[in-house]
Amino acid sequence: MESCLKDQIGAVLLPGDVFTFIKTETISLTDTSKAEKIICGPGLRRNGDDVVVCKSGVLRHKHPNLYWVDSQQRRYVPVKGESVIGIITTKSGDVFKVDVGGSEQASLSYLAFEGATKRNRPNVQVGDLVYAQFLIANKDMEPELVCIDSSGRANGLGVFGAGGLLFKVSLGLVRRLLAPQNEIVKDLEKLYPCELVVGMNGRLWARAATVQKTLIVANLLESSENMTAQQRRTLFKRVADGNL
Amino acid sequence: MATVQLSEAEKVYVLHGIRDDLRVDGRSCEDYRHMEIETDVVSNTDGSAKVTLGHTAVLVGIKAEMGKPRPAQPAEGYLEFFVDCSANATPEFEGRGGEELGTELTNTLYRVFNNKRSVDLASLCISPGEHCWLLYVDVLLLQCDGNLYDGISIAIKAALFNTKLPKVLISEGEEGGTEIELSDDPYDSVRLSVDNVPCIVTLCKVGPRHVVDATLQEKACSVASLIMAVTPAGTCTCMRKVGGGSLDPESFFEMTEAGRRVGRALHGPLMALLSQEEALGQKRQKVGFLG
Amino acid sequence: MPTDTKRIRGPEVSQSLSRFICKPETTLPSDGTRADGRNRDQVDVRPVFVRCGLVSQAKGSAYIEAGNTKLICCVYGPKETERKDETDMKCGRLFADMRFAPFSCPERGSWIQGSQEKDLSLMVLESLQPAVCLHKYPRSQIDVNVMVLENNGSALAHAITCASLALADAGIEMYDLVLGCSIRQDGASYLIDPTFLEESGSYWASGENQGSLTVSFLPSLNQISGLQSDGEMGEGTLTAGVRTCIEGCYKLYPVIQQALVKAVRGAAPPPSES
Amino acid sequence: MRDTPLSNCERDFLLKAIEEKKRLDGRQTYDYRNIKITFGTDYGCCFVDLGKTRVMAQVSCELVTPKESRPNEGIMFFNLELSPMASPAFELGRSSELLVKLNRQLERCLRNSKCIDTESLCVVSGEKVWQIRVDVHMLNHDGNLMDATSIAAIAALSHFKRPDVGIQGDEVTVYSPEERDPIALSIYHMPICVSFSFFQQGTYLLVDPCEREERVMDGLLMIAMNKHREICSIQSSGGIMLLKEQVLRCSKIASVKVSEITDLITKALENDKKARKEGRKCGFAESMPQERITALKTYETSVEMTDLTKQASDIVESAHARAEIALSPVLPAPGMGQVGTGLQNAWGLEDEDDEDDDDDEDGDEPEVTIVAEKRGNKEKRERPVVIISDSEEEEVVILNPESS
Amino acid sequence: MAGLELLSDQGYRLDGRKATELRKVQARMGVFAQADGSAYIEQGNTKALAVVYGPHEMRGSRSRTLHDRAVINCQYSMATFSTAERKRRPHGDRKSTEMSLHLKQTFEAAVMTQLYPRSQIDIYVKVLQADGGNYSVCVNAATLAVIDAGIPMRDYVCACTVGFVDETPLADLCFAEESGGGSSLALALLPRGGQIALLQMDARLHQDHLEALMEAAMTACKGVSKVLDEVVRQHLQEVSVLTGE
């Protein structure tokens, strides 16, 4: 049954495409361990004996048996454990309301910051950016963010953002950027030093030495969304040569 | 402020005062507050009046337009009422907030004038079935401090008194139709008779007694009030109970009696005042809101 | 004026047919019996037909027929109040809405609520309010909807009666029933429970609105809960009119009570076999 | 649906960038974004793209009775629609402050300036006149709706043709386009609205703000003008304090911008006319202000390679001609009109030498621009997928302003 | 221009004024007892009332609350009898909504809103009689009302409408001049700093004349501000000095 999925790796799938698995009529008694198992990632659903595609995109595979559809979605859906960039919209009671670009605002407790206690509240203003991780994210509950890890350390999370630029890209690009050894990031590194915060919700924050360079970085990233590696390299090279 | 919130202690104080015929501001139960009337305050209108009753301030403008008589009453003109509860009075009236109260007041005014004697509608007719005067009576509520009905009705009466309609000359046109000509001379005008225009008296039942010209505090203490439109002759052109309470028949009859008495007493001084002001003529220093 | 955007209306210049029908002189004789055989100057209300619980979806409902005046009333609630910002949450709120069906009058009416209907709604509300134990329903609202199916006079009075019946049918706690009655003055005599023609007809015959009066009354408590009059009336006529109306209400009272008892019996579980 | 809130970080950055005369898309302070004017198949239908802002205007007409006060004048009616499609902040059917503001400004800009001969719209005095209705729909909101709206409305009005009528006695006959050629409206002049946004209590000024800039601005000044340098309306909005000098300076900038845009509209109309005459279904015209590499996210403009050199050399010339205009003052000298001609690199390479990266080559300005053109083309050619051909675009005819 | 000669050869206007002359301005503060601030102004035949409530808690939807400053809420309405032709609705039409918006902008610029975070200031203006320059008169009335309410402002906001006829700027237009078809410019000014809080112009005007027109408007505004200043001073004298302080 895996074979038919395997055949399609890298192909564009559309919602409603069905993978049917031909049942072997004869059950081999000797080969019990052959029962195939696959894991359906985002965009694939099991429907009875079939696997149905529910998002359009490219089918990806990860060894040994993980399959998912890589879609160019723009709207973010909170997932537990993901790190996102949020904007504080209101302070209410002992929680902040945070806009993460999802369907609902997430809540962030005052106490979910490193070193925060009842007495010692973090200095967070409305409109500030926070890099936070989802503690709770499911369809039935209000999503909740934290800015500490399980041991109470900030570990890179928390309020940030002075002097940089926030912009939005597609979720696909964000995932590409976060992939280990990503080419774009590498190319960018060569160009000049800059800071980059990547939120899984499609928000990027960049800061370089000057406003000018920050803008260049932002524009480069935005435009590398739809570029081939070749195009990107020439572009980056020209920037590096100072032709921009 | 269209309504106020009163604490129980305040209510008791007001109630006890009224029981002893001594109200919070020193009046007795059938006294009106200080009232100021000025006519001819808006020059764009054909008649206007401004009345303040305590803090209640009402401005009425009457505009006459030439219109077609209603098919059912071809030989009569008619009146159109509109009450604008402006946000000036209270922020609650902002936007459409004043509409509910405005409709209520407007409907009552239509009822008050729903008879032939209040205003001589036949005199508003120019040529039967074709042309008549249509009086737009626009009430502007500038400040609410209780007893809106009385203030409005007095202002309307004063404004009607002040209304001057240009004289109309009807001549036979060349093609058989009638031609209508308005007199250019501003002094050559027709006045309306306001002798039978009723004044509204609102009686508020507070505890066992009733008061006229209730302030907002007193209104907050009362469960029900009775609105009566009383003509100088003592007849009643409209009566209705407002508020969430009920009245027993005996006190109801008492109240109608009092209302009639107060209403009749109101007309004399009002008319005297209006003619007095009129007599001052053009020399009169117009005060408006500047005073 | 609100305008109806949902329907295509006839041209503005169009007029009702009735205006062009050459009517026979409708001047009612100012003495003798009335057109429908009732007597003047007597508390001679039209016989009424009352039935509760016709609308199954509503919490309570009532239908009333007096002569050709037919109306139906539904009560919904008590339910959670829609307006949360109201400061006074100790008491429940009563909402009343009275409408005329477009076909209810000789001339076609509009679908949207006119100012006259709003006025009548307010009257219904204020008449019912004293009778309902609103303090028993804090933070909630009760909706009363009255639809006039056919208007042959005294619609308001019957609407009040019908609404109080529907409230009782809905099991809303009340101090008393509310009954409505109206009269119309014609010269020296009065017509109780006037028909549509008498309401408007006598106006043109004598050329003057000699006064009409609607009273709503709580019969057990002997309280006037609502009153509305227009047309010029002297003191004597007014007081006499109110008394007559009260009398009229008392005449209606047993009929309404009976209907209610019948409704309650019908709704009660069958008595255990005995 | 609520709009994404603006973070403090974005606000601070934008303001800082503006102080340094940088804009998000690499434009200069007085530059317009790409303007593209497209006409639909019907008369009186016009799409305007202003960068990513996109509006559509449709003109229609109807015979109505005139207003009593003006018995022999036609009626102009303007209606704007902020559909939720354009921005999540817009709600359908609610008249927001923005809508009222835009609508009134459009009315003032086009009706009160009497740019259309309303008397010629009279058919029978006091009985029948044409009512010209202009519906403008916002399709995408990326700032500066007003300018896009005014361009779309006036272009659509100029494009529109009403049916001819004949009067015989009391009878009014409306002829179908087959019977008699429809008649264009007589337009006296073309008022075009130019928006200026102010930052830092009026210290900084930008033309054609994009959506993010609009969110951080203090106030807006809209000036409607025609190419005869007649001001048709001025409207300031947002609680800013202006000084007289600023208003006068804006009016000067506006006059230059207006003449550029007017030329563009005229050209677009001509192209459309030509296309129609040649029997093609629909016309298209596109402005092609100087394509610039610095705005890395270039709009998918179609540049033909054939006259690349010509265009580039044009730019080189113009750049040389105007090279003396300094970029540094906050508000350049009055009368500065060479706005957005691409003479300078928006990335301000002049200060790059002292930076510690490998980006040390200071760009010769004209050269840069040429490269810019090249890149734009390359991108265009190498990424044919990007152009999603929908039905409307299929009928598009590419007309290069340089070649036409 | 509709056959009317707006400016005679001798330089007089329809109502006998000179080109730069303002109409007679009369004003009074503290007209109503219940409002937090109120004022009434007559500018020629244009009469307007302004009432201020606030700063108070936000009313209605709380979502409009600003955490760093007060919200200014304006409503402009015209009495139905204020114009020569009766108006059907006092407010809610497009023009009134726009006017409300403009008033709001003007006062957002002038009132020191940052002193009252999370609160609301209501300014309600009612035109009782309209005879040209409605916006300007309303601004002037509202300024007085805001002062009467004791809300801190940067400066008076004075507004004036000017027109342009025969190459001459006319100050403080009346209705006949406004409807004459010439260009008219409404300008709200903070006179001390010469800052323009609102600028609005209608109808065609050549760019070269703009400066002269604005200059005339600013001069007229300064004239108005003198009158208002006097009114305020006199009012304060009456309420504080004469009552025995």
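For clarity, chains are labelled A, B, C, D and E in written order, and residue numbers in each chain start from 1.
The definition used in the following text is that a residue touches a chain if its C-beta (ideal position, glycine included) is under 8 Å from a C-beta of that chain, and two chains touch if they have at least 3 such contacts.
For clarity, every value in this text was computed on a predicted model and none was experimentally measured.
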Which number of steps is the smallest that gets you from chain C over to chain D via touching chains?
-> 3
Chain-contact steps, minimal, separating chain E from chain C | 2
The chains touching both chain A and chain C are none
Look at all chain centres (mean of CA atoms) and spot the one farthest from the centre of chain D.
-> C
Using C-alpha centroids, which chain lies at the maximum separation from chain A?
-> B
Whose C-alpha centre lies nearest the centre of all protein C-alpha atoms?
-> E
Chain centre separation (chain B, chain D; CA means) in Å = 56
Could you put a whole-Å number on the gap between the CA centroids of chain A and chain B?
-> 70
Could you grab the centroid distance between chain D and chain E? Build each centroid from C-alpha atoms only and quote it in angstrom.
-> 33
Could you give the separation in Å between the centres of chain B and chain C, each centre being the mean of its C-alpha atoms?
-> 28
Line, ring, star, complete or other: which describes how these chains touch one another?
-> line
Every touching pair of chains is listed here as A-D, B-C, B-E, D-E
In the complex, chain E residues that touch chain B | 26-28, 31-35, 38, 40, 42, 45, 47, 49, 51, 53, 59, 73, 75, 77, 79-84, 86, 90, 92, 122, 124, 126, 128-131
Chain C contacts chain B in the complex at 15, 19, 87, 115-116, 118-119, 122-123, 126, 129-131, 207-209, 213, 218, 221-235, 238-239, 242-243, 246
For chain D, which residues count as touching chain A in their complex?
-> 4-13, 16-17, 20, 22, 24-26, 293-297, 345, 347-349, 352, 355-363, 368, 371, 375, 378-379, 382-383, 386
Can you list the chain D residues touching chain E in their complex?
-> 95, 97, 100-101, 103-104, 108, 112-114, 221, 225-226, 228-244, 247-248, 251-252, 255
Residues of chain B defined as touching chain C within the complex = 5, 71-72, 103-104, 106-107, 111-112, 114-118, 223-224, 226, 231, 234-249, 252-253, 256-257, 260
